[in-house]
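Right after this note come the structures.
Note that chain A is present in both complexes that follow, paired respectively with chain B and with chain C.
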Partner chain A sequence: MTAHANILTPGTLADTAAARVTVTAAPGRLSLRARGELGAIEGALGLSLPGKIGGRSQDNGIEALCLGPDEWVLLTAPENVASVVAAAAAVYDAHPHSLVDVSARETTVAIDGPRVLDLLCLGMARDPESIAEGEGRRTLFDGQTVLLWRDGATKFRMDVWHSFAPHLLGLLEIGCRELAAETL
Partner chain B sequence: MSKYRVSGRGRIDTSRPVSFTFDGKRIKGAKGDTVASALLANGIHLMGRSFKYHRPRGAVAAGSEEPNALIGTRRGPGRFEPNTRATVQEIWEGLETNSQNKFPSLKFDVGAVNDAAYMMFSAGFYYKTFMWPRSFWDKVYEPFIRAAAGLGVSPKEEDPDTYASRNAFCDVLVIGSGPAGLAAARAAAVEGLKVVLVDENAEAGGTLLSEPQAVIDGKPAWDWLSSELAALKAAGVKIMTRTTAIAYYHQNLIGLVEKLSDHLEVLPQDTPRERLWRMRAKQVVLAQGALEKPLVFHGNDRPGVMLAGSAQTYLNRYGVLVGTSPAVVTSHDSAWFSAFDLADAGAKVQAIVDTRSEIRQELLDGAKSRGIRVLAGYTATGTEGRLRVKSVRVNPMQSGKVGAPETISCDALLMSGGWTPSLHLFSHTQGKLAWDDDRTTFLPDYTPEDCVIAGAGRGLWGIAAALADGAEKGQQAVEALGRSAIAAVPAVKNDRTGTGVSHKELPTDLSPGKAKAFVDYQNDVTAKDLRLAVREGMKSIEHVKRYTTNGMATDQGKMSNINGLNIASDALGRKQPQVGLTTFRPPYTPTTFGAFAGYHRGGHFEVTRKTRIDSWAAENGAVFEPVSQWRRAWYFPKAGETMDQAVARECAATRSSVGIFDASTLGKIEVVGPDAVEFMNRMYTNPWTKLGVNRCRYGLLLGDDGFIRDDGVIGRMGQDKFHVTTTTGGAARVLNMMEDYLQTEWPDLNVWLTSTTEQWSTIALNGPNAAKLLAPLVEGVELTEEAFPHMSCVECTVAGMPARLFRVSFTGEIGFEVNVPAPMGRQLWETLWKAGEQYGITAYGTETMHVLRAEKGYIIVGQDTDGTVTPDDAGMAWAIGKAKPDFVGKRGLARPDLTAKGRKQLVGLLTEDGSKLEEGAQIVFDPAQPVPMKMVGHVTSSYDTGTTGRPIALALVEGGHDRMGETVHIPMPDRTIAAKITGTVFYDPENAKLKI
Partner chain C sequence: MLLIHCPYCGETLPEVEFAYAGEAHIARPENPSAVSDEEWAEYLFMRDNVKGVHYERWRHLHGCGRFFNAARNTITDKFLTTYEAGAPRPALDTLTEGGK
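Moving on to the complex of A and B:
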C-alpha cells in the first residue's frame, strides 16, 4: 500500500506561541438518529445519550455529542465500529433508528494553545466562550460546517468533511502565525 | 524649523525627524505628523487638483472627512494606494506620496481648462451632452466618460499585503474616543463587562487633542487624557486606535477596520495590513462627535481656505500654523477660539469676519485683547490667489443688502459654517432622524438597535456637556445589560461653549450665476448647480443629489449634505425635512477591497474540494474543470494531444476495452428507517416499493412545480436502507430539500437522512472488459449476468476493501461503480489501474463522460434541463410511477401548461453538413423569416469527437417529439446550419453492449 502524504495526514500542521494545530488519527465515527424513549438504544450502546443539544456523554468506549433533537454523533475506536453497529442493529426492530458509519467522511484536528479562542474567532461568528468546557457544537468555520468539541479552557477538537479540510486548515495555519506575531 | 512649525505646540515628536517624498520632492516632518500636517508645516497648501474642474486644492480638514487632499501613497512594488487622505496618512521614513489628477504637474495642469469652461459643466452635464447622436455612445461618449471618471490611478500590480478578519464580542462598544466616548467607556467599565473603545485616529482623545487649554478634574486636558486612558486600560477596557467603525449592521454587528501597518516604516512579519473586525456588541454607544461645515461662497475652495476647527487641530495637535497672517470667516463661535489659539501661537490674525451682527461679549473681549479686528454682520464674496489664497473679499450686510466690498489680505482663510452631528452609523441602524430648526440640523431620534448616541453626535456642545452626556449614556448601556453603574462627571474649566447659525450660500454683490461657491469639494458641485437642478425640476434631495452628484463622492457628503440641503430647500421654498436627507450607507470612510476580502484571496479565495483520487489525476497530467465547489479531472491529455484528441482517445478506449473514472463527487445520501421506502416513493417520481434488496433504479426528482431538479441511481441496500446518489452540484440542495419535506411535511415518517458523499470514494469502470478486470478482485459476488445483472448493488469486498458495488452504466457499456471508504480511494484506483494494464485501461475525465452519455441520450440535469423541463419533455415519462398516490411534483405535472402541446422537448440533432453545433445556439423552423425570428428552442449538448463517427447534439425543440425527421435551422453569425431532428439515442439503441 502506497502512503500518500498530504495535508490530511496526521501530524502537527502549525505550532506557534499562540496555538497549535494537529491533524489527529481519525476515530470511528457514527451518525445516530433516533427519537422517543431511547432506553433500548442506550442499553445497546452502553451509554446514556445527552439530551441537550451541545451536551456530551462518555461511557463504554463511546463518546456522544448531541447535535439536534434526534441527532447524535458517536465516536469510538475504529475497531469498535462494527460491534457498535451490530449492537444497535440488534435493537432496531424494538426501536427503529438510523446508525450510519461515517468514519471515512471527516478529518479531525486538535487545536490548543493560549490564543485558541482568538484563533477560532478568525473563522467563527459564534463566541467560542459560549461553548462550555465539556460541550460541543455544530457550527460554521470559514463558511464550512464543522463540529467543535471544547475539551478544556484552551483545548478544542474540530471535525470537518475531508474535502473542506485543506481550506479550513489553511486558515488555521495563517491564524497561528498571525496571532503569534501580535503584540497584546 | 520652518516658520509654520510652532515649537512647544502639538503632540508630534520633533526630536524624531521623519522625511518622505511628495511628487518626488523630499519633505521633512516629525514623528506623529500626517502627510497633510507635514506639508502644511513646510508651507505647502497645494495638495491636489479637483475632480471635474482640475482646480488647485489643499487640505480643507484635518481628519477622515477630507474631500480635497487625496494622494497616492506608495511603498515599493504593488503597495500603491490611490485616493489616500493626506490628513489621515501618517508619515514614515521613505514614504512616497503623489498628487493626483494633474498633468503635467500639480502647479501647471492642462486639465484646468475645464475650470475656464465651467459654464459648460453644469448640473446634469453628462445627461444633456451625451444624449445624441445615439451612434456616438459606444465609440465616443462612453470611452470619454470612462476615461474622465474616477480620481487617482488604479493599482495594476498584485497587492503583496495580507488582510485579515476576525469576529469579536463585547458587552459595550463605544465608538469615538473624544470626551463623550471616554466618559461612556469609563461608566461602562463595570467589573465583569467587556468594554471596547474604538477610534479612527492614531491617538485616542478626539476633541481633547485639539483643546489642550481645557482643565478637567483640575488637570490640564492632555494630562487628564493620559491618566484617563491608563485608568480605562487598568479597568480592562480594550482601546483600539486606527480603527474605523465603518458600518452598523443588523443586531449590533459593527464592522471595524483596523489599520495595522500603514503607519510603520518596517512591515512586521506575519502581520496583515488591515483587519476587519466583525464586532457583535450587546450595547453600542455612538460618540462620533460632529463635523464642521464650510461656508459656501465664491472661491471657498482655494488652497489655504480651510475649516477653522481643522486649523486649530493642526496647531494644537501637530504644532503647525496653517498661516502666519490668517483671516477668519465664520457663523459659529467655535472659529473665534481657533483664531485666538493661532494668535496666541504667533499668527497675525487679520480679521474675524462673522456673518452674525450680535456677538457674545466674551468673544469680542478675546479679540480685542489680542488686537484682532472684528467685522460683524459681514458676508464673504470671494477669494484671490492662484495656488494659495492671498486675500478674501468681504462686504457688510445691512438690512438685507450687501454693501461695498473690502479686501483683506491673508495667507490662510479659516472658515466655519457650524457643525453637523455625525449620524452616519446611527443612520445605518435604520434610525430615524428629527430636524432641529434651531440648530438647522438633523438630530438622532429613534433607533431599533441597542444603541445610544452621546455628545456632539446628538448636538451637544462643549467638553463638559460631552463628558456628562457620555457618562450618562455609558451608564444607560450598563443598566440595559441589567447591571448598575455609578458615573462620576468630571468638572471642566476653560471649556469653549458656543453657538452659531447655519447658512445657505452667503449673500453676494456679484453675479450668483458666475460664483464658484463650492458645496461638495470632492465632486466639484457648486451652489449654482444645486439651484439649477431645482429649476430643472428636481424636487427631492434624492433627485438633486443624483443630478448634481452632490454628496456622491467617497466622502459621502460629510461636509456638503446640510449645506446642499439648505440651498435646495431655499430654492424649493420648502423646509429642510420636507426636502429630505439622503441615506448614509456603509462604509463610513473609503475602505480597501483587501479589508473586505480578508483571507479570501489567492489559494484561499474559495473552497476547492478535491477527491481522494485527485492527487493521482494531478500526477498523471489531468486538466481540471470546476464542477460546483469541486475540481474534477476534465481530460487526461498525453504529450502533444489536444483536448479533442485526448477525449476521442478516452472515448474509444472505453468503448473498446475499459475506462476508469473518478465519480467520488456524486452526492450520496443514506436513507434509513422503517418508512424509508415510503419516503422514497413520496420524494422521487419512480415507484420503489417493489424494488428488491440489492437492486438499484434510476431515480428522478422533481420540484413541486413538476420540473426536473435532480437525478441519480439509487440502490436498496436493505429493506429499510437506500443508498441515494445525486448529481455532483445537487448534493447539498437535494439533501436540504429532502430534510425540508421530512421536517415540515412528513414529520410522522420514521426515516433519517445522512450525507455520505464524503464517506465514499467512488470509482466507475466502464467498457467491454470492465467485468473481466474487476471480477478477480471482488469477494462476495460473482460478476456474471445471472448473479449480478445490470442495475444490481451489493455490499462486498473489492481488493480487500469493504465496498458497495453497483452495476450501473452512464456510458452504455458494461459498467460498475465501486464505493470504498473515502481514504482508501486512491489505493483502490491504483489497484484497478495495475489490474487493468493488461486491458490497456484508460483514465477518462468529465468530458469523455459527457460525450459517452450523450451518445446514449442520458441527460445531465442542469445542462439538458434548465428548471422548465418535465419528465415528459425530457422523454422520461417512463420514470413516473403512475400508480403512486402522490410524489413531489405530481400535482404540478397535472397543470394545463405542463400537459399542453408544443412544449419544448428533448430531441437529438444531426447537422446536414456534419459540423458541430454550438451549445446554447438558438433554433428556428424557418430560416427565411424576417428578423427577429421566432426562436423555438436551443442546443443543450453538442459534441464533436465521439464514437459514432459524426458530431451529435441534444436540443430542446418546440413539439420536438412529434417532429422526428424534420429539419430545423440554427442561425449563426456567419451562416445558418440545417439539422435533422432525431431520437436522443445515437449509440447501441438495443442496449446490447450492457450485457456481460
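Moving on to the complex of A and C:
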C-alpha cells in the first residue's frame, strides 16, 4: 500500500505549561457495525460491547467505544488485528456484521495538561466537560470529524484522519503556545 | 447557534454537529413503476414550505451518524421536539416550544 503523505512520526508536538500534544504510535483500529443480539460477536471478541453511545469498555486487549446505535470502534495492538478479524469472521454466519480494519486511516494525538479543556474549546462547539472521564465521543473539531477519548480529568486522546492532521495539529500547537503565554 | 437534542445520543448538542436533511414523513411509493409521472414528480420534487411548525429530518452527521426527525417552528426557529426515525409524527397539540 502506498504510504499516506500526511502520516506523522510519533513524538511531542507541543509541550508548554498549558498543555502537551503528543503524536502517539498508531494502534490497530477496527470499525464494527452490528445490530440485534450481540452475544455471538461479544463472545468472539472476548469483550462486552458498550451499549450507550459514548460508552467504552476494555477487555482481552481490545478497547471499544460506542459511536452510534450499531457502530463501534475497536482499538487493539497492530499485531492483534488479524486474529480479531478472524475471530469475528468465525461467527459471521451466526450473526452477520461488518468488521473492517481501518488502521491506516487515522493519526492519534494524546492531549493533556492543566488547560486542556480550554485548548479543546478552541476548535469544538460542544462542552468538553460533557464527556465524562472514561468515555469518548465522535464530534466536530475545527470543521473535521474526530474521535475524542477522555482518559482522565485533563487527559484526552484525539483520532483524526491523516489528511486533516496537519491542519488540526497546527491549531493545537498554536493553542498550546497561546494558552501558555496568557497571563491569568 | 441552535441546540439540537439527538434522540439516539440523548444529548443536546450544538448545531454544527448536525446536517439538515429536508422534509420528514415523505414515503417513497411502494412500487414506483406503478405510479404516474405526476405522482412520481410529486414524491420527488414537491415539498411544503411551512410557516409555523415544520416536521423535518436532521442527521447527527458528526456524532452518531443517525437520521432522526424534528418538529421546528420556522418562525421562531425553536425546536419543539426531536424523535427517532420511523416513529409516528407527534400530535401538534402535545408540543410546546422549548419542551422535550
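The working rule: the second predicted complex is superposed on the first by the 177 of 184 C-alpha atoms of A that agree within 3 Å, B and C clash if a C-alpha of one lies under 4 Å from a C-alpha of the other, contacts with A are read in each partner's own complex, and residues count from 1 in each chain.
Just so it is clear, a residue touches a chain if its C-beta (ideal position, glycine included) is under 8 Å from a C-beta of that chain, and two chains touch if they have at least 3 such contacts.
Just so we're clear, the structure is a prediction, and the values are computed from it rather than from any experiment.
Chemist: Scan A:69 for contacts with chain B and chain C and give back first, second, both or neither.
Modeler: After superposing on A, A:69 lies in contact with chain C but is clear of chain B.
Chemist: Taking the superposition as given, does A:125 touch the first partner, chain B, the second, chain C, both, or neither?
Modeler: Both partners, chain B and chain C.
Chemist: Name the contact category of A:78: first (chain B only), second (chain C only), both, or neither.
Modeler: In the superposed model, A:78 contacts neither chain B nor chain C.
Chemist: Would you sort A:10 into first (chain B), second (chain C), both or neither based on which partner it touches?
Modeler: Neither partner.
Chemist: Regarding the shared-chain residue A:137, is it in contact with chain B (first), chain C (second), both, or neither?
Modeler: Touch status of A:137: second partner only.
Chemist: Which chain makes contact with more of the residues of chain A, chain B or else chain C?
Modeler: B
Chemist: Is A:51 touching the first partner chain B, the second partner chain C, both, or neither of them?
Modeler: A:51 contacts neither chain B nor chain C.
Chemist: On chain A, what residues does chain B touch that chain C touches as well?
Modeler: Residues common to the chain A contacts of chain C and of chain B are 125, listed in rising order.
Chemist: Considering only the defined contacts, which chain A positions touch chain C in the complex?
Modeler: Per the touch definition, chain A meets chain C at residues 53-54, 67-69, 71, 125-126, 130, 137-140, 145.
Chemist: Provide the residue numbers of chain B that touch chain A in the complex, in ascending order.
Modeler: 162, 164-169, 268-272, 278, 280, 599, 603-604, 607-612, 615, 629-630, 670, 672-674, 720, 750-752, 754, 756-760, 821-824, 826-827, 830
Chemist: With touch defined as at the start, can you tell me which chain C residues reach chain A in the complex?
Modeler: By the definition above, chain C touches chain A via 1, 8-11, 13-17, 61-66.
Chemist: Would you mind writing out the residues of chain A in touch with chain B in their complex?
Modeler: 1-2, 4, 6, 26, 31, 33, 70, 92, 96-106, 118, 121-122, 124-125, 127, 129, 142-144, 161-164, 166-167, 170-171, 174, 177-178, 180-182
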